[in-house]
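The same chain A turns up in both complexes below, where it pairs with chain B and then with chain C.
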Partner chain A sequence: MLRFLIRRTVSAALILLVVSAVTYLLFFALPSDPALLACGKQCTPQLLATIRHNMGIDAPVPVQYWHFLVGVFSGRSFGAASCPAPCLGYSFVNGQPVLQTLLNRFPATASVALGAAVLVLTLGVGAGMIAALRRGKAADKVAMGLALIGASMQIYFFGIVVRYIFVDQLAWLPLPGYTSPGASLSGWAGGMLLPWITLAVVNVATYARFTRSSMLESLSEEYVRAVRAKGLGPWGVYVKHAWRGAMTPVVTMFGIDLGLFLGGALITETTFNIPGIGKLAVDSVADSDLPMMMGTVLAASTAMVLVNIAVDACYAVIDPRVRAL
Partner chain B sequence: MTAAVNPANPAIVTSVSTEPFLQVRDLSVRFSTEDGPVQAVDGLSFSLERGRTLGIVGESGSGKSVTSLAVLGLHDRARTRVGGSIRLDGAELVGADEARLRGLRGSRMAMVFQDALTALSPYYSVGDQIAETYRRHTGCGRRAAGERAAQMLALVGIPSPRRRARDYPHQFSGGMRQRVMIAMALCCDPDLLIADEPTTALDVTVQAQILELLAEVQQEFRTAIVLITHDLGVIAGIADDVLVMYAGRSVEHGSVGQVLSAPRHPYTMGLLASVPRLDGAVDVPLRPVPGSPPSLLAVPGGCAFHPRCQARDLLPDDPCGSRRPALLGGDGGDGGDGHARGEADDGREAADGHAVACHLGAAERVAFARRTVEAKPNDTTRTEGTSR
Partner chain C sequence: MTSLLADPPVPEAADPTAPPQGRSPAKLAWRRFRRDRVGVASAAVVGLFFLVGLGAPVISWLYGKDPYTTYGQNQPGLLDDFGYPTGPMGGISGRFWLGVEPGLGRDVLMQLVYGIRTSLLISLAVVALVTLIGVLVGVVAGYAGGLVDYAVGRVIDVILCFPATLFFVAFIPVAQAAFVKPTQEVPTWLRAGTVVVVLTAFGWASTARLVRGQVLSLREREFVQSARVIGVSPARIVFRELLPNLWTPILISASLAVPAYVTTEAALSFLGAGMVEPTPDWGRMIQRGAQVYSADFSYMLFPGLAMLIFVLAFNLLGDSVRDALDPRSNR
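Let's turn to the complex of A and B:
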């Protein structure tokens, strides 16, 4: 297990290095000049040069990238602003180191992601299990029909409709938004309710269908019949044995989705005005805030890479045959 | 023994202690498939005492595995209809509710599956899987069940059982895995063990070990064993009685000695001729039974074997394609469309417990058997000519 973790951490670091290099090249080699934007209307060549220098974009791109990497480990300063290690750049739009902003925004994103993940998993896997066990019966058809409708929904449509009906018209749900759970737990949950429901409705479908087919496959395994031959009841047969075998593909998919959620659910956060990393990414694009854009990309990749390590560890827990590899 | 029992009145049966331990009467299993209804087992009857082994032989699709699943009640209840009667120690299993069957499965009747690699869950250690069965039926604690698992692994000859109990199925060799499977089946001291092709997935030397293990276990615990196989060598090795199945029906039924050394059905003779014999001449070519078993969706009328039967020319009026022969000569009758020729008239062979469902009479059978022995596989035309 230790060797596994070391190996995966090293490969994760390499992946992030590659991702940062590619995004750096893509963003900073663009013809748009952030210094010119920052310089404003009364721009003199001297001022522009100073701003360039302060932004750290007066050197060739590979050298800039090297400065960026050095900054990650030892910090750097941008003119008068200092950016302590680990420095992922400095946002002149926000007047803050990028990492600081990301950390400030992360709780909102994490709230959306974890709540949605719990809902999606319980509802999706539950519906899929029921559909598989009642295969061909009414429960199966209803669950799969609802799943299909859910899967056809788009967040920016469904979210807005639900918000209009249940918040604006009926006032059954509180206005979506982010309150720190430390400040008010009920305010936090209330504000998150709508994003959670929306993300869940859109994603539950996939999990229900996936769980159903995986479960059906598992139920046809010889060992499930053997478990029945041992006299075990429904819990032992369906949950302990059949479900265990059906979990692996679901875990794979969940890893990808959780990574996406944690990297910032762009559309959900924008639709409901949740100040998370997804909203930050959208805003930074609007503001042409290159360091911040790069920071959000790195944050999303980090989330994906870390969740994938967790997923691989889960495989080993679920399936002893993986441990031998 | 069974003659004293009145099958029309089950109440008498339960009170008479001489009822066979396992008695299957007129079992039929029918299920619906996408291509239509399938009669997988039709009118099957047999009985089995404690400490005895019944071998059920047949090609794939002959209904032997379906029979074992029906005994355990493991068929898909939504799509399958089971008729007839299966009595285990006097208790009727056909139509019994699932909870009651669940209590019997694994404790009084257990099953050994063909391929232990697929029949053992890959996700739990073998010790856990054995202990799980034991706890289910005894309600004992985790520790005691773990003890029992190690004890069972030792019983089936797995070295250092305590350590091996923590291993997973994929960490065992094929033969050891089958031993684990047997240990799991035996952990609650079942009275009936159904072994569905228990040695087919194993290589020959390991096969012998597993069969020996089954025989030892049987001797020690007086287990009744139903051994399902397509391998007549296995049957010859450990069975007491043999039931030959074809297209869901019993075509021949008797003791091992009767069926293997004096087969009465052309199909059984064909099966025997297709097996190499150590005591025979080395240069005698093997003769496979021509053709392949029928699809259960379209079982031939009359005797289901007639399209493949090489003895039909011995019966001038050829009843095989139109009338189904009854299973006659055994202790259990089985209604066909008409009496078989020969036995029905003289009844000479009817009392020895060796039943066959075939239109051939005793004389024709002898003629056919002689022809089969003398025939060379590539000059059947000449043999047919001389026999007429």
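Let's turn to the complex of A and C:
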């Protein structure tokens, strides 16, 4: 187990290195000059050079990337301002430190992600199980029909329709938004309700369909037939044996989705105006705020990589066949 | 409907003395598909969308309007003092079948119709490129094996680890800036082109992974082994032995990819990274609709519903295609 974790961590670090290098080289090789924008109308060549130096963009791009890496591990300085150890630089637009902004935005993103993940997993897997057990019956057809409609639904359309009907017209749901759970737990849950429901409806479908087909596949396996022949009751067959075998691919998919959610659900956060990492990413793209953009890409890929390691570790718990490896 | 069933039904057992005819796998799949009522109906819906997209200029000519003219601003009475349509449901009338756009006062139906073209052109281009590159890379990696396979596998891993939507949104303006000076406006074809290129750059990886896996298992099968033993050239093995066995998964994944890219393209336009004014585009319409939905809900509703119907029909069609081509798959 330890060797497995070490190997995965090393490969994760390599992937992050490649992702950050590609991102940096692509974005910072831009022909547009952020220093010129920051310099304003009364710009002199000396002032421009100073600003460029303070932004840390006066070296060739590969050297800049090296400085960026050094900054992440041992800190760096931008002109007079010094930036301690895990340094991701400062925003070109408002001068805020990138790391601090990301940390401030993370709770909103995590709230959306975790709530939606719980809903998606329970509803999706539950519906898929029921559909598999009642294969070909009415419950199966209804569940799969709904799942298909959900899978064809778009967050930015469905979310606003639900908001219009249930918030604006009927006033059954509170306005979507983010309040810190520390300040008001009910305000937090209320504001998150709409994003959770929307993300869940759109994603549940995939899980239901996937669980159903995976479950059907594992129900036809030899080992399930064996435990059936041994006289185990239906509950034991479905839940203890078939379900465990069926969950491995579902967990893989869940890992990818959770990683994506934690990296900032761009469309959901934009639709409901939630100040998370996804909204930050969209805004920083609109402002050409390169360090911030870089920060959000790094945050998102880190989330992805970390969740995937966690998921791989979970296999051992779910599927006893993996443990032998 | 008749156009879809252009193939006249084969009269079965017309002549009992005739020798039984062998049926090709394609024929068998077609027979299975024709019996699938949901599949045929969704194919009709998808076909209708394609026809409307192709015939957009004809519809524009018959309907007497185009997607660019700001009717509401040119003619008094269509929009109220706040710029919202005066008629019911976003200004639906005999002249404007789906109403007029709030603010600019363009015709909603024509924007929807021309929006199909934008969506379909971009997504079909992406699917074609993704399939081509993915199959090429997948076959090479799977067949060559060894170091090539390892290298390709790691590249695929990295690409699938990129937060895709975020990267699309971030990279499309960058890609456009590489061609156009910041002061100039990006031409529409370049905008569409960068969307296609960026979506392709990340999309091929999953197709390549799928094809690679298939090739890996096919490579060890007897017919490929024996072809190799009798000295068949690698090119011939790939084209004559492997590819015919790969069509099914390739076709299935391509047919499921089209609706996925239609929605991705719309999402990018919704986030402001895809198509912009005045190009007719569903995502752009929904973005505008999301700003005005509380005053004019129908401007948001129509493009959303159009996309829902199209994507739903295409997903159903994809499922039916899979059932027809691969009857063993249980879904």
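Heads up, the rule we're going with is that the second predicted complex is superposed on the first by the 317 of 325 C-alpha atoms of A that agree within 3 Å, B and C clash if a C-alpha of one lies under 4 Å from a C-alpha of the other, contacts with A are read in each partner's own complex, and residues count from 1 in each chain.
Going forward, contacts are C-beta pairs under 8 Å (C-beta built on N, C-alpha and C of every residue); 3 or more make two chains touch, one makes a residue touch a chain.
Since this is a predicted model, take the numbers as computed values, not measurements.
Trainee: For the combined arrangement obtained by superposing on chain A, do chain B and chain C clash, or do they fit?
Mentor: Because the two structures are overlaid on the shared chain, the partners are seen to fit without clashing.
Trainee: Looking at the overlay, what does A:Gly236 touch: chain B (first), chain C (second), both, or neither?
Mentor: first
Trainee: Which partner does A:Arg228 contact after superposing on A: first (chain B), second (chain C), both, neither?
Mentor: first
Trainee: Which holds for A:Ile160: it touches chain B only (first), chain C only (second), both, or neither?
Mentor: second
Trainee: Counting only touches as set out at the top, which of chain B and chain C does A:Leu88 meet: first, second, both, neither?
Mentor: neither
Trainee: Looking only at chain A, is it chain B or chain C that touches more of its residues?
Mentor: The partner making contact with more of chain A's residues is C.
Trainee: Would you check which partner chain A:Ser288 touches, where first means chain B only, second means chain C only, and both and neither mean what they say?
Mentor: second
Trainee: According to the stated criteria, A:Ala151 is in contact with first (chain B), second (chain C), both, or neither; which is it?
Mentor: After superposition on chain A, A:Ala151 lies in contact with chain C alone.
Trainee: Considering only touches as defined above, state whether A:Gly245 meets chain B (first), chain C (second), both or neither.
Mentor: first
Trainee: What is the minimum C-alpha distance, in Å, between chain B and chain C after the two complexes are superposed on chain A?
Mentor: 12
Trainee: For chain A, which residues belong to both interfaces, chain B and chain C?
Mentor: none
Trainee: Within their complex, state which residues of chain C touch chain A.
Mentor: 157-158, 161-163, 165-167, 169-171, 173-174, 177-178, 181-182, 259, 263, 266-267, 270-273, 286-287, 289-290, 293-294, 297, 300-301, 304, 307-308, 311-312, 315-316, 319, 330-331
Trainee: Sort out for me which residues of chain A touch chain B in the complex.
Mentor: The touching residues are 221-223, 225-233, 236, 241, 244-245, 318-321, 324.
Trainee: Under the stated contact criterion, what part of chain B meets chain A in this complex?
Mentor: Residues 72, 74, 102-107, 110-111, 113, 115, 118-123, 125, 132-133, 136-137, 168, 170-171, 184.
Trainee: Under the definition above, what is the set of chain A residues touching chain C in their complex?
Mentor: Interface residues on the chain A side: 15, 18-19, 23, 26-27, 30-32, 148-149, 151-154, 156-157, 160-161, 164, 168, 209, 212-213, 216-217, 260, 263-264, 266-267, 270-271, 278, 281-282, 285-286, 288, 293, 296-297, 300-301, 304-305, 308.
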